[in-house]
Amino acid sequence: MRPNERALEQPREIRFTRKYTCHAEGSVLVEFGNTKVLCTASVEESVPRFLKGSGQGWVTAEYSMLPRATHTRGNREAARGKQGGRTLEIQRLIARALRAAVDLKALNDYSITLDCDVIQADGGTRTAAISGACVALADAFNWMVAEGKLKQSPLKFMIAAVSVGIVGDDAVCDLEYVEDSAAETDMNVVMTEDGKLIEVQGTAEGEPFSFDELHQLLDLAKGGIDTIIAAQKQALED
Amino acid sequence: MRPNERALEQPREIRFTRKYTCHAEGSVLVEFGNTKVLCTASVEESVPRFLKGSGQGWVTAEYSMLPRATHTRGNREAARGKQGGRTLEIQRLIARALRAAVDLKALNDYSITLDCDVIQADGGTRTAAISGACVALADAFNWMVAEGKLKQSPLKFMIAAVSVGIVGDDAVCDLEYVEDSAAETDMNVVMTEDGKLIEVQGTAEGEPFSFDELHQLLDLAKGGIDTIIAAQKQALED
Amino acid sequence: MRPNERALEQPREIRFTRKYTCHAEGSVLVEFGNTKVLCTASVEESVPRFLKGSGQGWVTAEYSMLPRATHTRGNREAARGKQGGRTLEIQRLIARALRAAVDLKALNDYSITLDCDVIQADGGTRTAAISGACVALADAFNWMVAEGKLKQSPLKFMIAAVSVGIVGDDAVCDLEYVEDSAAETDMNVVMTEDGKLIEVQGTAEGEPFSFDELHQLLDLAKGGIDTIIAAQKQALED
Amino acid sequence: MRPNERALEQPREIRFTRKYTCHAEGSVLVEFGNTKVLCTASVEESVPRFLKGSGQGWVTAEYSMLPRATHTRGNREAARGKQGGRTLEIQRLIARALRAAVDLKALNDYSITLDCDVIQADGGTRTAAISGACVALADAFNWMVAEGKLKQSPLKFMIAAVSVGIVGDDAVCDLEYVEDSAAETDMNVVMTEDGKLIEVQGTAEGEPFSFDELHQLLDLAKGGIDTIIAAQKQALED
Amino acid sequence: MRPNERALEQPREIRFTRKYTCHAEGSVLVEFGNTKVLCTASVEESVPRFLKGSGQGWVTAEYSMLPRATHTRGNREAARGKQGGRTLEIQRLIARALRAAVDLKALNDYSITLDCDVIQADGGTRTAAISGACVALADAFNWMVAEGKLKQSPLKFMIAAVSVGIVGDDAVCDLEYVEDSAAETDMNVVMTEDGKLIEVQGTAEGEPFSFDELHQLLDLAKGGIDTIIAAQKQALED
Amino acid sequence: MRPNERALEQPREIRFTRKYTCHAEGSVLVEFGNTKVLCTASVEESVPRFLKGSGQGWVTAEYSMLPRATHTRGNREAARGKQGGRTLEIQRLIARALRAAVDLKALNDYSITLDCDVIQADGGTRTAAISGACVALADAFNWMVAEGKLKQSPLKFMIAAVSVGIVGDDAVCDLEYVEDSAAETDMNVVMTEDGKLIEVQGTAEGEPFSFDELHQLLDLAKGGIDTIIAAQKQALED
């Protein structure tokens, strides 16, 4: 039995709270159960050096955990003087996933920075961050349209992400921390609202896994992502 | 007239939300109007090297602003690779102020880290942080007593902090951002619940100020801190 | 037509040169066509702090590109003062993949560091590095057995890695640089000698990809990895 | 009784040696008893980026202790790779205090850097540094006028600083090291030559202090600063 | 007797392999016996800031050891976050020596970076690096002439370097590691093809040395360098 | 004619002021004309890790220039976050030279740190630093003997250093800044009081130099060093 009597294919309770803070052009608190990530989208009227003069815009991301988002306090990366490998890996993933959802050519000379700060962690922080950042990005684009900075939103489609994994003998969707730390195989999947893949990252934490298991996990992920995208759309309508 | 029709001596609406996150031994969201700071107190069973074998405990603090807590996005210090001078100055102040409220000898071989992360900034983040951290610290000490780690709480008294300043011709209490950036003189005051001073930091941003103005500001601070301490005590009783 | 008239499913010429340098316990130059990576395995009689006293061993990895391994000179990370996100991501992948191939419990209190330094780059450096590091690791374990440090090699199975991707309308195996930079989808796959998955990392560089395309790419990867593992085994017999 | 039989309100012997080194536009060795700080003012014909085009000048400061300025050798910050929080806090204070004494608008597009390097420390290094830097700054401005770079000196008034504190039951002025480390309350005060306040920083090191004690300390500070400013003026006339 | 029955004045087997890698404008693997260094010369159409507008070109160098180039694994400087003093000292020497061989005025607005990466170390890595870098530089200049970027090569003369030292009672040429670590005096000499000195760095590792010993070592160095320069010229003709 | 009508072989006025600061076990201000370096020797009762348990002592050095020791202000290395290559090279030289003068075995488990801080620079700061550090070291050893920490001073002989160079057509001794920046060849020589060599570092800044020129420079250096050592001994007797 999973914690909280969840079914194997059932994601945790998903919630998106828009305008969570007041300064950012998009600001969303995303909750996947007890995992809570504040995702803000900040619009800047400039592009990185390698895009100067190209007429193209850019989307980037930064990720961090508050030191006590976790069971035991982690070091503050600003105090240590560098971001760890895990942090860099996750923020590269977030940025890459969101860029795949945006028509960068239409984002004429603007940059969007997505800041994903984990307030409370219980597994799946990177998938929650991607899912929340997409809502914050949609809000920021809508703001840009309303402000007359863009004619229409350059968001091509909504995207969302979920973790899936094999825990014991079961393939399960949206692992929380106790499941994650016991998983044999752990996979993060990012998909579009029409069921196409943006990113698949599967890792054998214990035993190697078979092609069959991979397919099973992907199917689970598709179901979870459909649920999350429905919640995103509901939130954007409110 | 002040923003929101506040009286000169009136602090903003003060709110302390305890147990804001679930992992820390003390976790408080403090709000001074639109300024929101998450203060967590983390208990560790060890002390810094310079206290090893002394039998004394320690209290330290770290402070950070989320990049988009402010009107325009600030650099993430973890990405820049170092904490700025302002950050270090503030976290040294928070730690020093809270240590003054604790009987460190009675905190036998434990360390408490107070993490103050600014979720949303509108002036007075350091004074909100000190005031919120004191509540989080009280909760952490109560947890330690309940867990049998300490016989009684080593908190000697509650402390709180407020900013005061001269804006135009007026001495005002608890400046918000628009006031702060226009202030001639800016002062942060930390006091105990029985009206004694822990820290006074006054700076002439524009013209130098007189002894009389200093006294006037201190009186304003005392009034504001009384209000904040009442709110802390109310929160701790809930 | 692919460069050098390669068939879609055909990896480049794969070569493993053992004992490429004289000091390391395992030292292999791996070549995937023009991509050349020097992989050394260094044995140390200690473990990281978090494993002290556990009786378990450890395998870690570091990856770097010589500044002029590429068409235009890249910055030297040692001179910049930090390793980039791409480097950290790759060396975390190499280490994770190799650890999955080792019985760490049987590697009693020893650590192995796999250094993968790219001498010349033409796409697929991370997959070449994983494939070469596995041969270097096998050599290092054999040396440890010969020296009486271990009773038997803790290598559970050989592993290898290959990149696959969609270039234009074709799914192709083992992309070289010109293909890689034109790919719509890019996937790195790590597998065991008996066809199980260790790691799958697929990314939509251009358009999102379908489940069908994913399956097609995985099949290509399996074929390529079989070829690489055959070359590894041949090299280990020489 | 205080060390060296000083009266409670009596600062140590104050000495300003101008032109202590030959290259800087202003170069002053300031001595507060055994505390010796070399203060140089360097003129540069440029301003920080945030002032470009504003027509305004800038004053900044850097502070450092030679490793063996103190009883036991301290780490060299350049070797550690970062400036500590205390250093940053002090140099921010020095710069802020001196900027308050300068008409930055009249310092048309020039920057002055005040380097305060502690040669020998015996308490009160920051207050000595501020007092010495003001003389170096006056010299640098006079040089600029003589060179025709400015029509007249933009120094609005002389400033000086002193530490005051409560040691045992006594409020004392200009604490040396043995007093400083025993003080219950420690306060640094920066004032103008006409008795107005630039900065007040008071800290309860032991017990919290009362408003009355604060007033007593401020009066002591005023007396000390009058003495220091007299010494500055005497030095500038020599 | 020396290792491998070498005569006292006899350098190790010297080999220069040109075009060792395919991307760099000059790419040479230099071998002094078991010491192997990959030297690449990279041409860039820009100069450092301090030469902007001067019409002069520049030559710089970077040096590194692969972590397992040595008997026991050394730390990777990129991972440690800074280059060590030895590394900086060596790369400054390499750059200075090569600049002495180049007519920088004739290298109109181009910069050359010489990357010297030690693949395998057995003493004398810096002298091998200088000797190999000179060949790589000659190749890069020839490439620039062939490409029409320069009218003629700005290389004024070939240079080479060798280490000499006093081991036991003998002055010997081109020390390998076991000799180097036993040497009383250690000297690195850089000379031109016509026997003039570019750099002399002699150090008493044990006892101080006499003027006579210095002269004896310089004579040995001259012989060794003649041999190396002959090998360079042979390689450049092949 | 040289500046100040110095003869070619004549060093500048050399002065050693002992007990320049009060806390260090040895504290010497050395002046070579306008070059002024504060050299302190600090005794610590511990050794670096690699010497733990060896019974041997250690001598190390750190070097720095105050930012405005020079004509134009240099960056403060502590603020930049790292020591430059020149600094590291010089402090390695100082430490190596002084270690050659000490019987480390007799310095039982003590470490001496020599801090050389350049107060004012006019050429030859590294040779002044070595010469001054030797006097500070002698003082520190004498203090250790007086305190009963050592039976006798482990200083084997006095050492001193001087720069020599070819300026125009002349070989000159102890170059000041204007000479140094015009020199064709620049050489730093460290010798013992009985005329043996500790370190020779000669560099062709312009044209390569001949063996004859090298010999001429070494003879000049010997004369200069004799003068400096006489001054050291005089100072130690005062």
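Per-chain numbering from 1; labels A, B, C, D, E and F assigned in written order.
FYI, a residue touches a chain if its C-beta (ideal position, glycine included) is under 8 Å from a C-beta of that chain, and two chains touch if they have at least 3 such contacts.
Here is each chain with its UniProt name: A, B, C, D, E, F = Ribonuclease PH.
Every value quoted in this text rests on a predicted model; they were computed, and no experiment measured them.
Student: For the identical-sequence pair chain D and chain E, what's the CA-based rotation angle in degrees, nearest 5?
Tutor: Between chain D and chain E the superposing rotation measures out at 120 degrees.
Student: What's the farthest chain from chain B if centres are computed as the mean of the Cα atoms?
Tutor: For chain B, the chain whose C-alpha mean is farthest off is E.
Student: Measuring centre to centre with CA averages, how many angstrom lie between chain D and chain F?
Tutor: Here chain D and chain F have centroids separated by 33 Å.
Student: Taking each chain's centre as the mean position of its Cα atoms, how many Å separate chain B from chain D?
Tutor: Each chain reduced to its C-alpha mean, chain B and chain D end up 28 Å apart.
Student: Measuring centre to centre with CA averages, how many angstrom lie between chain A and chain E?
Tutor: 50
Student: Of all residues in chain F, which are in touch with two or more distinct other chains?
Tutor: Within chain F, the residues that touch at least two other chains are 81-82.
Student: Under a traversal of the ring that begins at chain A and continues to chain B, how are the chains ordered?
Tutor: A, B, D, F, E, C
Student: Inside the complex, what are the residues of chain F that reach chain E?
Tutor: Residue list for chain F touching chain E: 82, 85-86, 88-89, 91-92, 96, 100, 187, 191-192, 196-204, 207-211, 214-215, 218.
Student: Okay, in this complex, where on chain B does chain A touch?
Tutor: The touching residues are 21-24, 27, 34, 36, 38, 40, 42, 44, 62, 64, 66-71, 73, 76-79, 81-83, 87, 113, 115, 117, 119-121.
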